[in-house]
Each structure stands twice: as structure tokens, then as C-alpha cells.
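Dumping the structure here so I can ask a few things about it.
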Amino acid sequence: MTRQVAVIGAGTTGFRATTPDVSYREMTYEAAKKAYLDAGVEPKEIGAFVATSEDFVEGYSIADEYAPDQLGAALKSLYTVPGDFIQAMGSAVMMLKSGLYDIVAVQGLSKASNMLTKAYLTEFALDPIYNRPLKQHPDYIAGMEMNRYLFETGTTREECAQVVVKNKRNAMFNPLAAHACDLTLDYVLEAEMVAYPLSELDIAPYSDGAVVIVLAAGETAKALSDKPVWVRGVGWCSDSPTLETRDWGQAMYASLAAEMAYKMAGIKSPRSEINFVELNDEFSYKELQHLEALRLCNPGEAGVLTMDGATEISGSLPVNASGGCLGVGNLFECTGGQKVLDVVLQLRGEAGRNQLKNVSTGLAMGWRGLPTTTGAVAILSN
Amino acid sequence: MALTERLQETTQVGYWTGAIPLEYVYTCGRAGEAYYRNLMNKGTFLGARCEKCQITYVPPRIYCERCFDRLEKQYVDVGDTGSVHTFTVLYKHLDGTPRDKPAIMALVRLDGTDGGVVHYLDGVKPEEVRIGLRVKAVLKAKKNRSGEITDIRYFKPVA
Amino acid sequence: MGLRKVAIVGAGLTKFHRYAQETPKELAYEATKMALDSCEMTLDDIDSVCLGTAPDAFDGVHMKGEYLSDGAGGFRKPYMRHFVGGGTGVMSPIHGWFHVASGMFDTCLVVAEEKMSSAFPHPAGAFLTIFDHTTEQPLYPTLIWIFAIEMHRFMHKYGYTKKDIAQVAVKNKANALFHPSAQLGAKITVEDVLNSEVMAYPVNRMDISPTSDGAAAIVLASEEVARRVTEKPIWIDGIGYCLDSAYWCNRDLYYPDYVEIAARQAYDMAGIKEPSKEIHIAEPYDPFTYKELHHIEGLMLCKRGESVKMLLDGVTQRDGNLPCCPSGGALGVGNPIAATGLMKIIEIFLQLREEAGERQVPGQPTCGLAQAWGDLMQVGTVVVMRS
Amino acid sequence: MLDADLIAKTATKLSLKEIQEGKVLSVKDKPNLKYAWDNGVAIGRYLAELKEGRIIGKKCHSCKRVLVPPRLFCELCWRPTDEWTYVQDTGTILTFVISHVNWDASRVKRGQRYHTPAVIELDGAGKDQGILHLIDEIDPKDIKIGQKVQAVWKKPEERTGSITDIKYFRVIKK
């Protein structure tokens, strides 16, 4: 019942804005092959698989049909979590802790470039009775949320813009990232307004790519891996989904998901026990809102910390050293997969020029994007 | 090696196009039926009150999401006036093209409730909108109402 | 291997209708509320929630798991959706089992919902886009094609006739007369099935379950909690699930290997050596008549090629030696996909508690099984339960 | 125990007419969900070969199957596939259907031919290695499992690189 769980393998294709040379199957096969090679396992040794997808992101009515083949999971135990990769990872952790399996693989995939009507897609996630008939670009929800967040915390547009500058610059030295840029604060502040106070550059662009990780239960992990990365805590949570009654200023889902993960990991003081964070920044303000929700700083402090450089790679609490969604890209369900991947790479000392010094515990946090109020957190240690 | 072959010339690249060919009719449900009938007939908004949780939902629901008590007998008329809980000025259409005139979108927290309506603001300049602004619903003429959220034309400031 | 014991302690179901007025959230709420009430629990007692619902294309909401969360009791709780197409309903208690068996939660609310009537003009249209977008959709395939293709292969292999298979509809629709949620309970004859409209030979209209709106919910609990809240916990003793390749034309469709593999997993876990003797009652998935037989064979409840004999001998009747679909199944109760699978779990739960009323099978069953199927003739999900 | 009275109150039965005539309120919507899926290596080659009037698969030396549609990996052996291999455009009907319904559940109009889709095991691909396609040029009543069939192709200038470059399969001997 107290079985420990570790990441023993990770594989990715890397991330690009478009990937016209490979099908989604070929892309996933590549990530899976790398993950299994990294873990030193064959699919037949893997007890079960968890895939992530949402039907209309992939363009199928039943997208889970197309998960098994490229994972080596045909005629094996596999199910799909239509959720963030970190939720699926939570599912895998439960499966391993139950004692029924020793090795479980988790898959995330984005062929975002193949989905041509993304605004309509997000709009189709709105309540059909109360919200959808307005037929407006769903970025208005992010604009409204950003406005309320700035109002409640005193955070400024400049502080949000600094998140964009930082993350896109971090991506410059992450060879996996698709949207690296070296920008000035002024350049970001002058970007075209989309939904005041949200501008074009506050919004993470999309990317394609796949991530597969292999998780194993304690003894198996130790036997198979020289450098297991332990999943000390995992948590997930959904707040009220309705626009009319949800919390618009604070990310309650992230707070509650983090509390679950902290409790499991025995973390009492996140700020001193977490060394670095990869969290969801699909919109610039989300990085700040999420940092506060994770209790890594007080409400209203995240912007100040960002301006002070505390969240830079060289800072006291590096946030999105990979470049985050703003620099790597929004990967739909795979977004949390990129977060987990980068925490694993950092903890193994494999993060290249963005490698952080002396880190032993990292936090990965996912959010399901507009218009949802669902988030997930994983805490990993080497 | 993961893939034994890769396309090596741009002219080999190809794609296949398609769409999801479906249409939908969504019934408004038990609570939605009451909400929109009330809006059509009385021009006001209906909420659902959970005394246990001290919450008034707008739109109303048949249940309290927090305690799961039934609220179908707890519907209350909450009027048509409230204040701007948050807003945005939207510069593009759903298809991504720029708007000639930006739309002001807001969550209007109806007075005495914990819910409200997401809709347009009008009769006010974008730069004059503030969180907390007092607003009131402007509805279509009664005969033109069909029991949809678009029976509301917009919310406008009240003195 | 010392797995944590997990029990079902409460259950709720809505009425199934072709067109229900309730929104998907409202349907989910009604089933969930009933499940909580049935074991005198409230949302405060619930540590985690998992949701089973099949394609977004039915309810017509992208990411419908997010949309449904409050109706399913997920407000500010660890809430997660799982999805294996038509097999989702029976995957639901499996996913719930993971929650409780992990030791991370003591209770898990398991909810399944489907509102198929939102899709117009007919939810069948949603199935065009389950086929491979590039290599199959250009031929405009339908769901009925793929079932008829499989049914024809199954009949061809064993020499089964349409008349034999029609008996499944007669049995299940009659059983459903006693199910309070049923949409299509009826006293019909084999001739009625054979004379009903030909949809796609060999499938006639009455070989097919209806499209439905409905929801179902159960409450799972750890042994400690279960013993506290009920005198009649029903234990989930075996789980299994398996997904075959999406290349559905690259295998012989007469036999569902994926069901057999899932069943073997569940039997191994439950310590079952001779399923046809040790399983007293079963709810195989019956979206089409032949599917019940196909699945009975895959579940190894009879030898391959003997399911029709079993049916014609009355073995699978409610008063037979191995009652199958005593609820009335998808054919009789209705088929709101994910909710149907969980309805089957609930039927076994009630039967093992001897609370099935007029549907109660004789002989005090102590071990039952529910199974669902899904995707492109691909998914098997199996749960073995004991009193 | 399920309480029939309680269950009866959980959901309100409507008819299609009641919804369409507005007896209860409803909202209509038609989603705009469009895609362009990358063909990638294997399917790209498959479509290009169809345009040339050929069916290509990829062989797996481990399980000896020729995979059609081709893929770069064998999903059962979990290894890269081996050489590209043409299969014949003839084959055997493994199973088929006589469908009176169209994809959207509407019925085939009177006077029109019923759809007769089949799973066809292509010669040269291996046992049970089929593809989905249509049968034509025969009265549906006369189609039998086990019949030999051959692809009827569109004219070269009409082919676009699609599975529909094969118009249908026709029965070549009883």
C-alpha cells in the first residue's frame, strides 16, 4: 500500500509548430521507442498503458481506438484518460500503488497543427445552453480571467509580459522547443491586443510532439534504472466548470491539486522544499496565478518575483526553465507531458544549457486549458 | 533508431482533410427550462438558493454542486441588475478576423447571488468599464424572445 | 499479492429514454444522488470521483468530462475521466478500483453518463468519424456496417442462423419488462425480430439496441469503510481490460481475443479456474443480439461455437444455469453507452445482494461478471464481483 | 434495491416532435471542426501508390504479414517493418454486408443499389489481412463469403491518391 513509484524512462520527439513529415502514429512510435529504450524495457514487459487524448482534438469520434498500435500496446491493457498528461500519470501511479502492475507507460501526443479550427474547438467546450450561443472567440474567457486576476492581486501587465520574455528566452537554449524568441519587454507590451488585458504574445502558440514516460514500482524501478526519478506526490482537481460560478481570480483547482500532492509527498513548506517548477503558462498570467496557487509565493507576489528575476534559470526558484508553453508550445493533452519530461531531464542532469544546479525536487503542473478549471500536479525527486 | 525511413523531399509531404459532420439540438433541461421561461415571460433572471451552503446559483440548477441537495424547489427571482465581476475588450471574431468595433464581454454578478450572466456590455466606452460597474440587462422585445441567452441584447450601465 | 479489497456499497440509475429533457449534467446528478442516498453517504464522504462517458460526439460538448464534472459530484475533488469507447461503462469500476486499491483514497464515486439524443439528425452520424480518416472514411462506413460485418463472419464460422441469434433479443427484451429504468422492455417473438426492418444484412432493426439518454453511478469503498456503511458489500474481485489493434480488418473477426485476454486477467485475479462453473450470473455486453453470444464465447463461459446451443437450451435465461443479461441488457433496458456498462455492474451488484426484485435469479448467486466491449471491435472490459 | 418510483422521476421522456415543435426549450448548434491530418511516411506512400493503380504494403519479417495499410512498425511484433511489398489487387471476401442504411442512418433510396461493403483479404498479404472496401457489379443477393474479387480502378487521370481510386471490387469467379 505504500509502494513507491518512479519514472524510469522518458522519450520525446521534441516539439515543432508543424510536423508535416510524420503521421501521429509515426510520431508516437518514435517517442515510445525512445522511452522504452531509455527504460530498458520492451512493451511485453509493461503491465499496462495509459494514453491521453480528446476526441475532437484528434479529429475522431472515438480517439482512444488509435492509441494502442504505435505504443506496442495492441492486445494489452490500455485505456485513455481524456485529461492532462499529469492526470494520466496520476492514474498510472494509482495502478502501480495498487500492486496489480510493476511497470506502466503513459503517452501524450499533440498534432495540434492538424486541427484547423482551434477557436471553434474551444468554443465547442462551452456550455451549449448558457454560453455558446454568443459565438465569440473563446480567448475572451482568458481576457476576463486575466483582468480579474490583475484586479485581485495588483499584478500588472508588465509583470505578465516579463513572463513571456523569460520563457521564450529560456526556450532559446532548449533544442526541443518550438517557439524560442529573444524579445524585449517593450516588444511584448506593444503586441496586438486580443482580449484586453491579454495580447497576442501573452498566448502560448501551439506545437506538435509526443512524450512517453515509463513508470515503475519501487523494487522494479531500482532493479531497472540507475537514476530513477521518484514520484513523491501527485494530485489533481476540478473546480466548478461553469463560467458563472467559478473562481475568476484564483486557480483553486491548482491549489487543491497541489495540496493533495504535497500531502502525499510530505511537503509542508513548498517554497523551501521545491527547487524548481515547470507549470502551465498557456497564458502569461497563468504562470503567475499558478505559482501563487501552488503556495510557492503569496497572492500578488509572483509578478514581483518575476520582475526581480527569482524565476529565471539563475534565480532562487526557476520556473519553466524549458521555456514553458510560451516557448515550447501548447500541446493540448500532452502539455503536462512536456512539464514532466523537463522536470525528469533536470533531475537527471540532462537539461543541456538550461541545466539547473543542485536541484533535487521539482514540481510539474498541468492545466487543461480554456475553458476548464482542471489542474494536476506531480512532485518528483531524484 | 525509431523510424527507419523519413521523408527527405518537401514534395513527398501530404495531408488528408476532413471534418466532423454533426449537428446538435440541446434541450435546456429542467433548470434551464425554468430559467429561460422566466426570462421570456418576466424579463428577469432566476436563481437557485442553497440555504445549507449559503449560495445562490445563477443560472439555477436542480442541485447544489457543493452539497448535492436538491434545489428545484428553491428557485428565486433575482431581478435584472448586478455589477461587473470581470470583463474584457475583445478585438477579434470567432474566426480570428479583427472586429471593426471591439466587443465588451463581462461576467455580470447579479445582485444578491454568487452566479450571473456572461454577456456583452454596451452603452459604455471600453475605457470606461470598471470591475464593479453597476449594470442592468437590456432584453429583446418580449414577442421576439425565444428562450435563449441571446434574448438578452446586452447589459448597460445604470446610474 | 495482497491487493486492497474494494467493494461496491451503493448504486443509482436514471430512467433511460430515447429523448430525455434533462441536460447531461442533470442526468449525471440524478444517478449520482441516488447512489449516494442508497448508502446514506454525502459528497463529504467522497474522496475521489471518476467519470465514464463515451464520445463527446454524442452529448455534443468538447471535453465533456470537464463539462460534466459538477453534475458527477466532482466539485473541488480529484476527478478524472477514462475512456475506452463502448467499453467505458465497465472500465469505470476498474478505474475506480485503481483509486481505492492504491490506498490513496478510501472512497470513489464512479459515474457514467451518455446523452445521445443531442446529436442530430441521428447519433449514428457520430460513427462515421470513428473509422480511419484517410483509409476508411472516404468509403462512408457506418457503425451498423462494422457490426454486420462481424456478425456475418461469426455466423459463417459456426453456421449460426439469424433465427438462432434472434432469441437473444426475445430473452433480453422480456427480461427488461421488470427493469425500472428500461426503455424497450417487451414481449416479442423470433418472428418479430426477423420481420423487423433490414438495416444491413444480417442485422435487422430488432437486433440492435436503441440509442438512449441515461446515467448510472456507484460508490466504491475500501474494506474498512464498506463494512461500516453496509451489511452487504459486493466485492470487486477481478478486473481485466484489453485493447486490440485499430487495424480491425487485419484479424479474423469471428472471435474477440481482446475479450478473452481481459477475462483471463479478471479470472486470474479472482482465482477463477473454471469460469462456466464458478460464474453464476453474467451481464455480457449486448449492443447487438449476436454480441451477447460473441462475448459469452470470448468470456469462456462456453466453448467456442457453443453459445447458440447454450441460448437455445435456456441456460442463459433468468432461471437457467447461467443467467445472462437478467437486467434486460442494452437490447431491453436501453443503451446510453457508458451508462449501460455501469447499469450491468449495478445489475450484478443487486443480484448478488438478492435485491433484484422481480428480476432476481434463483439459487442465491455469489459470483457474477459484467463485461463491455468498444471501439473498432477492439476493447474488452471485464469485472468479476462476489458477495 | 432500485426504487421504480424514484427512477421514474429521474428523467423526463420527450418525443422528437415535442423538441422540434418547441414544447420544451432547446438550442441548436453545428460545430465547425476541420482537420488536415499529416499522411506521414507510410500512408503517404500508400496513397501515392494507389494513384498509380497499385496497392502497397510493408512486410514484417517477424510475423510474415504484409501490412496493408502500410506502417513503419509492426504493431504485434513491435519492431520496424521491413521491405515495401506490392500486394495484388485481387483477393477474397472474408465477410460482407448488404446495407440499407447510409452513414447518417438515412435509408438507401428506392431504386438505388444497397451498399455492399466487405472485408477483403488481398492476395499476397497473408491470412486474414484484409481491407475495408465495397463490392459492386453483382446483385447483392449473389455475394458470398469466400468469393474471389478484383479491384476496379478509376481511370488513371481521375485518380487522386485515395482509397476511392479503387471504385469497388468485383467478383471474378464464383
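A, B, C and D label the chains in the order they appear, each numbered from 1.
To be clear about the criterion, contacts are C-beta pairs under 8 Å (C-beta built on N, C-alpha and C of every residue); 3 or more make two chains touch, one makes a residue touch a chain.
The model shown is predicted, which means the values in this text are computed figures rather than measured ones.
A.B. asks: Please work out which of A-D and A-B is bridged by more C-beta pairs in contact, and write that pair.
C.D. replies: Output for the comparison: A-B.
A.B. asks: Measuring centre to centre with C-alpha atoms, which chain is farthest from subunit B?
C.D. replies: The chain lying farthest from subunit B is D.
A.B. asks: Cα centroid separation between subunit B and subunit C, in whole Å?
C.D. replies: 36
A.B. asks: Any idea how many Å lie between the Cα centroids of subunit A and subunit B?
C.D. replies: Chain centres of subunit A and subunit B, defined by C-alpha means, are spaced 28 Å apart.
A.B. asks: Subunit B to subunit D: how many Å between their CA centres?
C.D. replies: Taking the average C-alpha coordinate of subunit B and of subunit D, the gap between them is 41 Å.
A.B. asks: Residues of subunit D that touch two or more other chains: which are they?
C.D. replies: Expected reply: 12, 14, 19, 24, 27, 29, 31, 33-41, 43, 47, 72, 75-76, 104.
A.B. asks: Quick check on subunit B: which residues sit in contact with 2+ other chains?
C.D. replies: Residues 3, 6-7, 13, 15-16, 18, 20-30, 32-33, 65, 148.
A.B. asks: Give the residues of subunit C that touch two or more other chains, as numbers and ranges in rising order.
C.D. replies: Counting only residues that touch two or more other chains, subunit C contributes 19-23, 57, 60, 62, 70, 75, 118, 121, 125-129, 132-134, 245, 247.
A.B. asks: Can you tell me, using the touch rule above, whether these chains form a line, ring, star, complete graph or other shape?
C.D. replies: complete
A.B. asks: Which bits of subunit A are touching subunit D when the two form their complex?
C.D. replies: Those residues of subunit A that touch subunit D are 19-27, 29, 42-44, 56, 59, 68-70, 72, 74-75, 111, 113-117, 120-121, 124, 128-129, 132-133.
A.B. asks: Flag every residue of subunit B that touches subunit D in the complex, lowest number first.
C.D. replies: Subunit B reaches subunit D through residues 1, 3-7, 12-28, 30, 32-33, 36-37, 147-148.
A.B. asks: Mind listing the subunit B positions that touch subunit A in their complex?
C.D. replies: Touch residues, subunit B against subunit A: 2-3, 6-7, 13, 15, 18, 20, 24, 26, 28-29, 32, 55, 57-59, 65, 85-96, 103, 105-107, 114-120, 126, 131, 148-150.
A.B. asks: Which residues, counting only subunit A, touch subunit C once they are in their complex?
C.D. replies: Its residues touching subunit C are 1-2, 54-56, 59-62, 64-69, 73-83, 87, 90-91, 93-95, 97-100, 121-122, 124-125, 127-129, 235-242, 252-253, 256-257, 260, 264, 368, 371-374.
A.B. asks: Per the contact definition, I'd like the list of subunit C residues that touch subunit D in the complex.
C.D. replies: The contact residues of subunit C facing subunit D are 11, 13-17, 19-22, 27, 30-31, 34, 60, 62, 121-122, 124-125, 127-128, 131-136, 138-142, 144-145, 148-150, 152-153, 156, 180-181, 197-203, 213-214, 245, 247, 249-253, 346, 350, 355, 357.
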